[in-house]
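Okay, got some structures for you below.
The same chain A turns up in both complexes below, where it pairs with chain B and then with chain C.
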Partner chain A sequence: MKHFIYRNAGETVSMRFSKAKLVILAILLLVLVVMAAFAITLGDFYITIVEVYGSLLHLGDANKRIDFFVRKMRLPRALTAALVGGALGIAGAVFQRVVRNPLASPDILGITTGASLFAAAAIFFGFFGWATSLFAVFGSMLTAIIVYLLAYKKGASPVRLILVGVGITAAFGGGISYIVTRADENLAVMVLQWTTGSLALSGWDEVLLVFLALLILVPIILFLERRLSLIELGDDLAVTLGLKRETSYILLLATASILVGLAIAASGPIGFVALIAPHAARGIVGRLNGGAMLVSMFFGAILLLVSDMVAQHDLNISVPTGAITAAIGAPYFLFILYRGAKNGTI
Partner chain B sequence: MQFSNTRLVERLVGSRTGTAFRLFILFTLLGLTVLAFFFSVLIGSRVIPTMEVLNAIFAFDASKADHLVLWGLRLPRSFLGLAAGAALGVAGVITQGITRNPLGSPGILGINAGAAFAVVAAIYIFKISNPVHYIWFALAGATIAAIVSYTLGTIGHGGRSPTRLALAGMIVGGMLSAWTSITLLTSLRTFDQVRFWLVGSLSKVSFDGVWVIGITMPIGFLLAVVLAASLNTIALGDDMAASLGLKLQRTRFLSLCATVLLAGSATAVAGPIGFVGLAAPHIVRGLIGSDHKWLLPASMFGGAALLLAADIVGRMLVRPSELEAGIVMGLVGAPILIYIARRAGEHRQ
Partner chain C sequence: MAQYNSRLSAEQVTLNYGKRVIIDELSLYIPDGKITVIIGPNACGKSTLLRSMARLLKPKFGRVMLDGEEIADIPTKIVAKRLGMLPQTPIAPQGVLVSDLVSRGRAPHQSIFQQWSKADEAAVSEALVATEISDLADRRIEELSGGQRQRVWIAMALAQQTELLLLDEPTTYLDLPHQIEVLNLVRKLNREQARTIVLVLHDLNLACRYADHIVAMREGKIIEQGTPDEVITAQSMLKVFELNCIVIADPLSNTPLVVPAVDG
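What follows is the complex of A and B.
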């Protein structure tokens, strides 16, 4: 198999894209673009795909109405869905590999709950809108640091990270429950809605935020990917092979946590994507080495984009995207699980 | 077949702690449970002297308000908290054993999510309003969710890894939670009625209508006793266990039955309090080691003490009002779990 390897200062950076993986990535990108274009055409005001194309590229006479829907409403929402999904997809893969547990996700490690608790507290005390998001980012970062410090004892270990994460999730979850049961009904519903995650309010600010996050952090993740492969070999072997274990934990956890925190700021905590995108990717490419991390990212993006389409257009009731992700992602994933089992990849 | 391997397995599972120490831990946990039960009966918004408590138990007088409070509220609450905590503790050990994953808990088989969704759906569709009826829907939901998880996690060729089972359970659980959210967001009436139950609480329990867990829980505990040796063998890995003559599929199926009976009943009584099932086994494993013959009873006491403690703290924090056990559980359990995780250091797992 032909590999594209990029060498830098004696360290082989994991850009090991085999031809097969490149083809898969290209196909996923194509699916994503087509889905996004399709998502933009849908809505009460139907716009043809040609009009979408024209509006985006300023072809022909500008139709104000079409431009408004495409550029102000639907494009930012579709982009936010794809970007947030992508961020959760690749960050989920990092978390699962760092703690060496296929069941791990930012939801279990406390980061999502930390964001939710701070956002819920913000709503409870009357801070809405962007202030809620700001609290959420702060909450996720703070929680990530707390979990790491509490798991630290001559270094962090995967099992301790998981147990501390689960403990913090339970403790903070109690705080959210307290707010949901004690706040008046309307605030409680707002908290429930925020903590379910929604893309209904996405605009260009959200797009820019998550886009910049991905632009900076994804290359860092790919650069650090080799350390993940070593971590997966187990602590002893990894250290023997020259892994700086603690530095690697900190760098990887920080990168993935920041990515998740910013994604949550844009959309609220959308569950499930970070857990299942890596498994969906594994079902197709096997192990998530090198460029395969990007497969997880694209799977996350497609999953959230499609979920958001369903949430917007296929249901008579208005439901936050976060609820739909699990409701429709699950059956698909169970299929992947079944297929993976047949091929022996899961 | 199993018998001849028991000693070997015990040596392989290994433990640096002696029998005397483990007996000491076990009795300490038992003592804590008894103490927690005692305080649970004694403490509440209404102050009842200890003598009155004894009087109420041995010489019940229906004309005394204290006696009515004890029999109507405190004793059911304490007994059911004890039973639910113990059941969750044991169910947690079984799920962690069978999945060989520290994230294992009854919740990982979708049991909590199934029970919650069934109750929410019942309130939404059938407009039931009496919490006494929740128990049937909760039990049914837990059972169906677990069966679906188990089926989806084990069908197919070759792919019978414990990870697959756990993943399938998490997915089914995630899906059911999502449906619960959708229902709650659609119907404000349902949300308002069920939000206290969803948090997990012992404050509304009574002996009315809970006779069914008097049947399901003992069967679950009995199954756990039968499973102890097999769980030790499974800890060595599926291949090793199979070569030692363990019937993996049968063990997994029996474990599922035990977990549904125990955790399903507990959830039906106290609402979806998942954390006990996850934390209790980890906490006692750090003290007593990984041999399931010790771990199961220790976690049973640990779970009971933890749930009762959370319930008592909830009653004491904001007197004369109270906080639900599900809210306090994290605050009480997390520090202990984190302390044990740090203390146990690199030796565990």
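What follows is the complex of A and C.
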């Protein structure tokens, strides 16, 4: 059998899980944990992987210096990378499936830029730290609503959502440039820093923020997943099979937008992860239905963790993480476009 | 009102896309337990009518009734347990497996905690058997031929286990043997399981063979309806299709057979 099937007596609960997907999820989780520990070893002060686990799990005598680097400096950054990556990975999968287009992502739908614009405005008006993050979340949600309303015409069609998203991205991008030119030098630098996307400043606050976001929103996404598998069949079949179409679009887009907003609030906009992770996940599991949405989450987590390792350690100068994801993501994006155009799937 | 029982009907419906009115005050009562075939020239409003009867298009005026209630007032999931519809060109998500696609027909019977009951399992495997695609269950939809693919979609609609089933041109893109295969399946479902089936078909002679009730439309209006013998005559074909023809008896089924005139 390829599935575990669970049914209670009376069948008030009946579930089916693909064994292969469970195994893949377990492997990805393991890879993530190992990569995170590896990430923590790296740096000017080298710590062995045994020492990393020792410090995390309180094995043996505490070494204050190691504890400081592991717990105060590197662990929060690695965790933020993994959590933000995971949030972008699963949210990206939701966007692609709602919009029925493998090129859809919060970047392309304008949601990332919306969050950045609001964060930039916050910095411009002197709101820093948590306030900037709050503005970013608000910006992503508001942008999602604006895009949805502008695309709405007897229901929001996927193509219109993308077109409006591209327009909003351009317009809001212009808004950010305007703020940069109007702000004084220090603020302009802060805005630019924020809008590049970086994990350099992540601490436990960021970890907590994104962890809670995932803890609450991922179960909601899994709860709504069955609607995604109907939306994919096109509006007519979806409704025929009993889908409340508008409610479903709104619930799914809202959940994914809030998740993206919270992730961006912690790290600044990080491009391409939400676009690439679902593709990589599909490459392994074929389709992202059911629990396979989590495969996209893990891929996003691993992708951002690795990108952040490269950003910190592999180049002579430290570069923003967003630059690395773009350097990996952009060629991959072009590859997807090329392949899609060749098979006529895009 | 019709003289027969009808769970599904359109009453004085006006259907439009934007400013373009496709159908103006049309009424149609679908006879229970029968195969109804809607025919008519391209763009006469057949598919539009079918979509409105499946609550996919809201009438501007008039109403669609299901079991004595206005369909728009019935929760969509309840409708989905009674009425299935296969659109003309359904979208298959890329890379989807046949078994997965057919399973989605169970959606109206499932909920967050009830995702794979014994009834679901039985309905899916019955649907696969009925459409003779059990051995394709683990294949990707892209690997299948047009005829196989059409059977997968029908299997999905069957797994939904609705007593009413609307099929919009289920034989398009199929060669003649595959058309016959699909229509035989439709007839089997009707005869063995007493399902009410509505089809849009282009081939008049096949329509005559398989229909209990034929509805002939032109420019958004019903021109004729009744048994194939009543509806398919040289005179009505001229009215409905502007087609000059003679109608003879099909040598095998004895149903009407339309033979177009040589020079139109």
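Just so it is clear, the second predicted complex is superposed on the first by the 297 of 346 C-alpha atoms of A that agree within 3 Å, B and C clash if a C-alpha of one lies under 4 Å from a C-alpha of the other, contacts with A are read in each partner's own complex, and residues count from 1 in each chain.
Simple rule for what comes next: a residue touches a chain if its C-beta (ideal position, glycine included) is under 8 Å from a C-beta of that chain, and two chains touch if they have at least 3 such contacts.
Because the structure is a prediction, the values reported are computed rather than measured.
In the superposed model, A:I27 lies in contact with neither chain B nor chain C.
Measured by the number of chain A residues touched, the leading partner among chain B and chain C is B. Shared-chain residue A:P320: touches chain B; no touch with chain C.
Once the two complexes are laid over each other on the shared chain, residue contacts for A:R282 go to chain C alone; chain B is not touched.
When both complexes are overlaid on chain A, the residue A:G234 reaches chain C alone and has no touch with chain B. With both structures placed on the common chain, the touch criterion links A:K244 to chain C but leaves chain B unconnected.
Counting contacts as defined above, chain A residues 102 meet chain B in one complex and chain C in the other. Residues 101-103, 108, 152-153, 155-161, 163-164, 166-168, 170-172, 174-175, 177-179, 181-182, 184-186, 188, 191-192, 195-196, 199, 275, 278-279, 282, 323-324, 326-331, 333-335, 337-338, 341-342, 345-346, 348-349 of chain B touch chain A in their complex.
Per the touch definition, chain A reaches chain B in the complex via residues 101-104, 108, 150-151, 153, 157, 159-160, 162-164, 166-175, 177-178, 180-181, 185, 188-189, 192-193, 196, 271-272, 275-276, 279, 317, 319-320, 322-327, 330-331, 333-334, 337-338, 340-342, 344, 346.
Only residues 51, 54-56, 76-77, 79-81, 83-87, 90-97, 100, 104-105, 107-108, 110, 112-118, 120, 160 of chain C touch chain A when the two sit together in their complex.
Chain A contributes residues 5, 7, 11-16, 100, 102, 223, 226, 229-230, 232-237, 239-244, 282, 286-287, 289, 345 to its touches with chain C in the complex.
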